[in-house]
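Below are two complexes that have chain A in common, paired first with chain B and then with chain C.
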Partner chain A sequence: MRVLALSAPLVLACGEVRTCLLPSFQALDGRAAAQLLRLRADELVRVSERPNLYALSPDVLTGVDCRLPTSNGTKVRAVGTVAARAALTEGRVLQATAYFSAPAGGPDTRRPWGHYLVRPGLVEPFGKLPEQATAEGVLRGGGRGELDLGMISEGLLAQLLRHPLLDHKAPFKSRRTHLRWAARRAPEGEGPSLERFTLAENGLRTVSLRLPENTPAAAAAGLCEDLALHDWLLTTVVHMLDNSRLGAADGPSAVLALRPAVDHLLHLWMPRAHVDHTLGHLWDVLEREPGFTRQWQTLVQRIRDQLAVQAVPLLHKALSTR
Partner chain B sequence: MLVFAASDKGGTGRSVTSANLAYHRALAGDDVCYLDFDFGSPTAAAVFDVPDARQAAEDRGLHSYLIGEAAEPARIDVWSDTEHRVLRTRPPGSGRLVLMPGDVSGGEFATTDDNLRRCVDLLLRLNSEFDLIIVDLSAGRSYAVDMVLEATSLREMSGVEARWLVFHRWTRQHVAAAASLVFGKRGIVAGGVARGHDEEALRNVIRFVRAAVPDPESALWSQVSPTQSAWMRECDRDLKQLASTQGIGYSLVLGSVPLEPVLQWREQLITDEDVLDSQIANRETWDALSELAGRLTDDKFWEQP
Partner chain C sequence: MTDSVFRETTAEPRTQSVPLAHLSLELGHLYMEDFEAGPERLREHFAEVRIWVDAARASAARRIGGKRPRISTCFLIDDYFRRFSTPAELVPMVLEEAERAGLVIDYLARESGCAVADKTELAEAVMHRLVESPPPGSYGSRPPVSQTGWLANGQRTPATRTAMAETTGWQPPQETAARNHSVFMDVELWSEKDKQRLWSCPFLAAVWQLARLGLLRHLGEPVLIPRLWNGGDFPYDWDQLPPLLQLNASAAPFSAYRTCTLMANRFLPVEDAVRLILDQIDVDSGALRQVAERSAREGAAVPAAVAQRATYVFYEESAGAFSYGET
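Presenting the complex of A and B:
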């Protein structure tokens, strides 16, 4: 996307990603995915098939003129556009992101809309931007009358879910997650870093980042979509294992409860597959602590062991009746 | 699956019975969501004993959501937020039990395109998350009834299974009123057909629940005089006859809930403790609710009569 040279450098980028299972009986192929994500007639959906099937919609813009959420109650009015986009991974997991970036300050008056329209995804504050308070405010979530990224991403997601391609016969029930992120500018000369990843109640996750000045907000959005996707996979499979009552329920029913994981989820794990190469290493932090892939492998192993254990008696039976 | 709980009049035990059904399904391991679409008089907060719901519903209830004032309706996790002593301990193996309260001050409202779209978005979203969604509708041919009839007629919702429960008391007036609510000139079926539902398909997903039914054979009435007893039997027979001629006979009844003082007076969930330990509620009531909860999704009871 073309972004005009700006007088004020960008100091903050924020977004919210909502992640859910695509409510369709079958996973969509690349062509159907492109059809679903065709949010604009003038821009194509990007579909890549390696290393996995991944489709990314063009950005759509929402004009905003409202207060920014701040953690300390500072009232900052801001005007501009919030970008929103959707991604579909392996035709199975749907994500909608709303994000914007903001400069350190702006004029005290509203400019003609033309000014904002040529700066897609940019929201300009009136006066000085309280960076930290705004970042914290976004992570906490917007109140009434404040910029609400969740509402914009939810609106996009709801619009997609009404698409005629979807039959709403998902193979299993699952919860959505929403991940809010805020990226402040890294100190001069320092690379990108992931400061904090937290799991809150009700499927809410927050991520704090530090990014160098030249990192585009879309790249940060891509990283956070990747984090959200894998966090959703972990959350969903853990829930499925909890519900299967392994050990308590008798064998076949537990296996039946785990079957959707095998059919639809286990092959989706692929961190960094579509993350901007300058940000891919931020995954390392999460791999060390808490160890996303480590937990995933344990879950996968547990499911496979269960299937194997259930298969043994069947094999035994088959051999003895010969 | 969506289950719409409707009734001809107030005071049929619709809310308290459907809340109990939600509770039974959650106990059995389903993830259940209960939506209070009784916009005139939301009662679910009291039934589930969640005082927090009143607070949340002040400005983030379903009513505010549907008219576009709240981005998302408030959700109350019943197991963790209830003040009910027994409910607070979530039994192992149980599913989620979530309440979406109505607004304290919300009244009826017209179905506009925007309201309808938000209703559809919400139902689709909940359908992907919950095994069972029970929607408690205001009594009579209310806006709430119109809205969900309209919503379920849309193409977007065609993949979502929906069933209707019509609650009525076991009296002459209630039987007649329930029949007219469903089959009358301005009834649910006619309203559905006008919105593009297939008449036969819609009829096949509507079942009746007889509430507060005094069972002449029950121990509760064992002390009454022989004349009274004979009279009760006769009334019961007449009512069965009436129900049958009104077109809501046995084959369309999903179940009956006995007359139960705890449901009538306390209007709360009946727990196994109420039945087994304190014994304030009748075993029959628990069994009836449990049976009804099972039949909600048992296709045998939803075949063409």
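Presenting the complex of A and C:
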């Protein structure tokens, strides 16, 4: 974790994750993934091969000095750095996250910039931080001139999409999703919890968390990337099934419409594969209600059944023409 | 996740640590023009520096409670902006003049080693770590530092309008961290000639400070590693000389918690620019943590901000010593 000894305890961590299909005809292997995510020449990309292929870029910082978004209109100026990082899962799904943590309060003047740079990913408020209003404000999205995590994550994503490794021949059409998250500190002695997951319109999802004091913001970012990845998979496959016009469409076109799911997506489902072990169990609540994996299994079964049904006439035809 | 059964080394962040002294003391940062002036110039320099070396040693000892501090000395030769003579001719002269003043040079570095050392593009890597100090109102847009090649400590004067537009009065630049009044500074990081990038003197000096502070890594590995001199002759080509040469086998480590640089006062603007740059570099966090932890354990905790770890003595040069013409 990139945090030095701090004077004030951190009470809030917020972030935004953008998730999209990598616009490349072929999925990238581990080496290519590391090349894509090498945001700095001198820092390693972390590549993991078990239980699936996962590459994580180093953090890059963006300096900010602006108002924080608040739900009740409180004006709080804050200064510091927002961390941004990118992850690529199975060489197929690209994610960019911007995130920061904030202490309960800070001095009323701006300090020398070197002070902020040695506290990467930390944004210090002037005066007292209205924790709840800020958490709600971030989830709702900032107003004009307010801290814009979406802009930072989008900027990183745009930078990555310009990489010469990418041929921009995505194997199928899909939409981006963005997931905003805010984690307030859990009451003393209580463990981490996921309070709310909201599926909003236009690809927006929001997550409210409660985390113990010692949970690094990077771990929370990792959990939310994992949630965003799986939510994107559900969203994308549901959309694909909708567009395939099952039943109505004739055999070959249904097969063609569903084939990309089999080729590129079905093997990607692996909740908590790279989530910090102290946070993995937060998935449980989503598995109970609405049941992410339950929905996924149903979708997968539907696709497989459909492909099997389409295969029967072909088999029949093959046998009868003997 | 270190307590789990399964581990993948490529999935874990790693930063190799480097040996650290208490103080890295730079005995000089001289340019080819200075050498051209002959041995008398160096003699004068080292005689003056000697006085401040003793003071710097005493200060370092006081800081760690009177114990014997680990101090290494270094000397930097410019072979980047202008090449002159050969190591075979120059290095013995430098060493002899230092010895005459009772000084030992532990490490000898070439300035071009701060640009590229052992095929690693150090300056380029450091440039990618610049995180500009955001002027008030920055809410997430990234200032394109790599496009301009300049770094400031505040907001520049807005560009003048075209003739068609309403004439506006001059607007002053503003230092972001101004106290009542601004001291605005704008530093050129590099220039380009025939598509070749020429790093500026302050930028290379910032890389040099990071190396001396033990904060440079390449893919987690130390860079600019000192190579021990075998005692033989010095080569006739600068490129044959290692970027960082250890002349004294029993020297304290090259990198240190703090640096002190002894130089003529004409270098003051350059070093002020170095501090401006250091103040806007996002240093390798693993290296930063290692230095913070080890210095605290030794009772010599470093200031959090990197630029604060560098100190200087600017001495007065004797009359007619040299023109202002350093690069």
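Operating definition for what follows: the second predicted complex is superposed on the first by the 320 of 322 C-alpha atoms of A that agree within 3 Å, B and C clash if a C-alpha of one lies under 4 Å from a C-alpha of the other, contacts with A are read in each partner's own complex, and residues count from 1 in each chain.
The rule is short, and it goes like this: a residue touches a chain if its C-beta (ideal position, glycine included) is under 8 Å from a C-beta of that chain, and two chains touch if they have at least 3 such contacts.
Model, not experiment: these values are computed from the prediction.
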Joint occupancy of chain A by chain B and chain C, clash or fit: fit
First (chain B), second (chain C), both or neither touched by A:E43: second
Touching partner for A:L268 - first (chain B), second (chain C), both, neither: neither
Chain C versus chain B, contacts on chain A by residue: C
Vertex chain A, arms to chain B and chain C (CA centres, degrees, nearest 10): 100
Touching partner for A:V138 - first (chain B), second (chain C), both, neither: neither
Touching partner for A:H277 - first (chain B), second (chain C), both, neither: second
First (chain B), second (chain C), both or neither touched by A:T62: second
Chain B versus chain C as contact partner of A:V118, first or second or both or neither: second
Contacts of A:M151 with chain B and chain C, given as first, second, both or neither: both
Which of chain B and chain C A:L258 touches, first, second, both or neither: neither
Overlay on chain A, chain C to chain B nearest C-alpha distance, Å: 9
Intersection of the chain A residues that touch chain B with those that touch chain C: 148, 151
Of all residues in chain A, those that touch chain C in their complex: 2, 4-5, 40-44, 46-50, 54, 56, 60-67, 77, 79, 81-82, 98, 110-115, 117-118, 120, 142, 145-149, 151-152, 155, 276-277
Touch list for chain C against partner chain A, complex: 1, 4, 6, 8, 10-14, 120-121, 124-125, 128-129, 131-142, 176-177, 217-220, 278-285, 288-289, 292, 304-308
Of all residues in chain A, those that touch chain B in their complex: 20-21, 23, 148, 150-151, 154, 158, 161-162, 164, 166-170, 173-176, 202, 243, 245, 248
Chain B residues within the chain A interface of the complex: 29, 31, 71-72, 75, 92-93, 95, 120-121, 124-125, 127-131, 155-157, 159-160
